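What follows is a pair of complexes built around chain A, which joins chain B in one and chain C in the other.
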Partner chain A sequence: MTPVTVVWRYLQGRFVTSVLTVVSVGLGVSLVIASVLLTRGIKEGFIAGATDYNLIVGAKGSPTQLVLNVVFRMDAPTPNIPFSAYEEIRHDPRVEAAVPVAMGDAYQGFRYVATTEAYFAPFSWRRHVPAVSTGRLFRSEPSGKPDYEAVLGVDVARRTGLKAADRFFEGEEMAAYPLTVVGVLRRTGTADDRAIFISLASYWEMNEISRQATVKPLTAVLVRPRRLSDLTALHRGWNVAPDLQAALPTAVLLNVFNLLGLVEDVLVVVLAVVAIVVGLYLFVTMYSATLERRREIATMRALGARRVTVLGIVLLESCAIASLGGLAGILGGHGLAYVGASLLAARGGPVTHALALGALQPLTLGAAIALGTLAGLLPAVLAYRTEVAENLAAL
Partner chain B sequence: MTLALLVALSGLPMRGPARGDEVPRLTFAQLGDSMRANLGVTQSIMAYNGREIEIQGFIIPAGPPDLSFFLLSRVSGTGNYCCELPSGQDETVYVYTARGVSLRYDPIRVYRIRGVFEAGHHVDRSHGVSFFRVRDARVEEAVGARIFKQ
Partner chain C sequence: MTRAGPAATLRGVTKSFPVADGGTLQVLDVERLELPAAGCTVIKGRSGSGKTTLLNLIAGVSVPTGGTIVVHGTEITALPEARRDRFRAEQIGYVFQTFNLLAAFSALENVMLAMMFARGVPRRLHRARARAILDRLGLGARLGHKPGQLSRGEQQRVAIARALANDPPLVLADEPCASLDAATAREVLAVLLAVCREGGKTLLVVSHDEAVLGAGDRLLDMAQVNGRPEAGA
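Here is the complex of A and B:
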């Protein structure tokens, strides 16, 4: 009988205990895998959904709120700025492109984004250009007559079932201003997939306060400078203005990543504790199994098995449990990460399914096997030191 | 830190920063002095073209959040009421990182950039006009460094 056969028989002999130990190792490993994949997925989601515009100009307040709301459609909109601010920005000779944006309410949880056709302009520096897959864009200009036309992000069309020529509104007060779907956008992998785009003229007419206002409101202006070297001067210039702020969207996201890094550090401590608990459980299992098997070990020794062979069998069993748990944990961790990412995405969170194979999987499996070896070391030494005469004496 | 390391190892190939005295260190003062009115730069600065150099400055995140591209400036651009206003191409280096970088961004910290230097008027489809570029760059925090114009 080879050591592998002995280990297999041992695992079968304590089937329930072995399975429970494999499951506990698997849970620990899946927690590590899922945490790493989800953290990476959230970061990649933010990176994929980031805007190509270098500055966002809005009302004084939190730059994080401004960027999260305008780019990722999270958080509440910052206070309004006047449309004249957009006109001034647009006519600044240092500005290549300026796009006005007004964040509205929502239809079935999907936010209205009022803007102009400039939002969809295919500049060479844009990574994601929202283009229609069916239908067309809305037509009205900010100063023109409202058309009440809507262009839907692909997720909005899929989840609401709306299609071209459909009319919709939400709430009694909006019944007088039904919107007509004129187009659906291609998937962009950004928050635009979950937005309903309308013209500024329609937006202003749909809102009672702005209908009466002589100064039309905006939430923000997306800005691209002609020369990136003018970025800091533009940033400073608008920030020292009494009623405006300019935010660098990438700087805001990097600050969010820094905060995410602190969460990662806390998570590392939690995962380290989990690893210790799993290691201890594995150790206790192997230790009690070795104590139970002292007589069998003594018999094996009496039949000619060497001490090293006995030591190897216990270590092999511990490694086998850790390996099986590690593999199960890697599979389970990917499943957990997938479910977590799907839930986050369904809530509108920027997250990608970061399931690509890399160094993570072999590293984690290696760590699990090393932990298994460590946990089995003391029981293996105990088996190594088992005295034949002492343990067979009762027979 | 371990989790960050796992994340980095699993998805982001990293190159450790290297140090050595043999790499010439350029300053923003040299870059500013090299600018000429006809969109040109001096031969002395052109001599560094294609060579590995080191330069220190503040990061202005003008590209995607993976920091595959950013601007390096002599002045931190985020303070509103102090410091000089960074202006113009002579105080801006366009940095293209090796394969993305892994660092904790801080707008008021000085970073050391090392990579292949390019000088001269250049128009990039994604990033527009530039005069000074560092490609294949590695980035690390320049602890204790201070930036002066002269």
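Here is the complex of A and C:
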């Protein structure tokens, strides 16, 4: 028999209360873990999905909307710009690479991205080069005949079950323009995993308005300058144009992170309130248990237990509840974060499964135990101060 | 185990409690009381005569307002509280009127608990020793039972086993039969006397139960022990 056995027996003796208290601590801890992991996952998702191009040129409007739509496939597309704008940008001597992009409709929720083979070019400065794992890229050039070929992001292939040589379309009006899968991309960890890539010629022919238009539309042009020193001039130059804007993806990403920072601040307040509520619940549980056990505490003291021994037993019980709740909460929090991240990712949100073990888990467990110690302190002092002779008789 | 000298000696022991009007109420005034080693002493007295207070003072669970108490040569009134607790754990067994078993613990664990607070018995021997004592008291088949699963007589026998767990030379019993029916009371009292006599222990029983009064080797009246017999306890 040791103080640990005594605590274990006490926990068993109040099984339902003990389990409920462990669950309440676990819920609080899992909320903390899930919030931190999801916030971290969203940040990492934005960083992983960030483009290697320094500028995005599109129609006048919100730069955040432009970047979120073109890079992360979120938000609605900005208005179109003429294909001629791309031609001008491409021939600017300060530009090393320019890639035209047109955002189309969607197939089973996966957006069409019309572009050229340049989108997949393996420039040395690119971190993620979309390359095919099976099949090949589409071939048609913007000025050529549409090939109606599609290259699928890896998540599109997995979720739709489409594979090379399959033909597909969505809606009766598109039946005349079925696309043929010619390749599937390797996983990139970016929004490209959830996109269907087609050639611009195919896109223009599939779209009723652009089919008849003489000025072919684009959503944006991704731009990489030859020298970073030209970036500011290019940015300013295109922004003063009457119908164009140039957005800096890094600046937009900073704005997004600033917004996330605000969300984090609110979360910290909410989680602090949760910690206080959980701590109070644990305190009330331990306090009422100690009041109920005054006679047993007096009996232990009469059997020779020292004051510090009964103080230690109450503190140990409080810490045991907090530890069990903390461990359950860490496991539950990871499960919650995984489900949350999967749901977000399924809806096209930039999020990674940030489930790696690090300082978060031991720190959270330590905080839970510290909370348990704090909540058990007053009940422990109550046990410490229990007068033996007064409490030995039946209460 | 028989020791030389008295098991306990009280000299000029008084005990007062604070009362609502800010004053104090003296409930015990023992000029001199000597408890001979070995054998059974019974102290009789009506309710409120200070019997339980006297036992609590000898056990060291409460401190006298004045006077000295010596138990087996150790002046417990001079010991700091932590040492008095340790002394009580190792030298004094206490049987309560209402058993005071811990509800969440089995009979075996209740007995082992007493050993946990003392250093007299090595930890590896706790289980075997508790089992042996309970066996001796006829509870060998009830080791894993919780107090709620035992009869009142069995509960009191577990309490006796717990009091004997650390092989203390002095056993105090506060109205050990008051919560039992007459037949069970006789049975429990016989067990208590037998195990104390076998072990050469000093047994001090306080009771107002007629059945207990004739069981000891020596009978004292609380009215003579306490100089303030009219005081309530």
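Please note the rule applied: the second predicted complex is superposed on the first by the 391 of 395 C-alpha atoms of A that agree within 3 Å, B and C clash if a C-alpha of one lies under 4 Å from a C-alpha of the other, contacts with A are read in each partner's own complex, and residues count from 1 in each chain.
We adopt the following convention: a contact is a pair of C-beta atoms (placed from the backbone, for glycine too) under 8 Å apart; a residue touches a chain by one contact, two chains touch by 3 or more.
Worth saying up front: this structure is predicted, and the values here are computed from it rather than measured.
Of the two partners chain B and chain C, it is B that touches the larger number of chain A residues. Once the two complexes are overlaid on the shared chain, A:Y10 sits against chain C while remaining clear of chain B. In the superposition on chain A, contact of A:R306 is made with chain C only, not with chain B.
Look at A:L271: by the touch rule set out above, it reaches chain B but stays clear of chain C. In the overlay built on the shared chain, the residue A:T2 is in contact with chain C alone; chain B does not reach it. With both structures placed on the common chain, the touch criterion links A:L392 to chain C but leaves chain B unconnected. The contact sets of chain A with chain B and with chain C never meet. Touching chain A in their complex are the following residues of chain B: 1-4, 6-7, 9-11, 60-67, 70-71, 73, 75, 77-78, 80-81, 85-89, 91-92, 94, 104-105, 107, 125-130.
Of all the residues in chain A, the ones that touch chain B in their complex are 32, 35-36, 39-40, 43, 46-47, 50, 54, 124-125, 127, 226-233, 235-236, 239-240, 248, 250-251, 253-255, 257-258, 261, 264-265, 267-268, 271-272, 354, 356, 358-361, 363-364. Chain A meets chain C in the complex at residues 1-3, 5-6, 9-10, 12-14, 295-296, 299-309, 388-389, 392-394.
By the touch criterion given at the top, residues 52-53, 56, 59, 61-62, 81-82, 85-86, 88-90, 94, 96-98, 100, 102-105, 109, 112-118, 123, 126, 162, 166 of chain C touch chain A in their complex.
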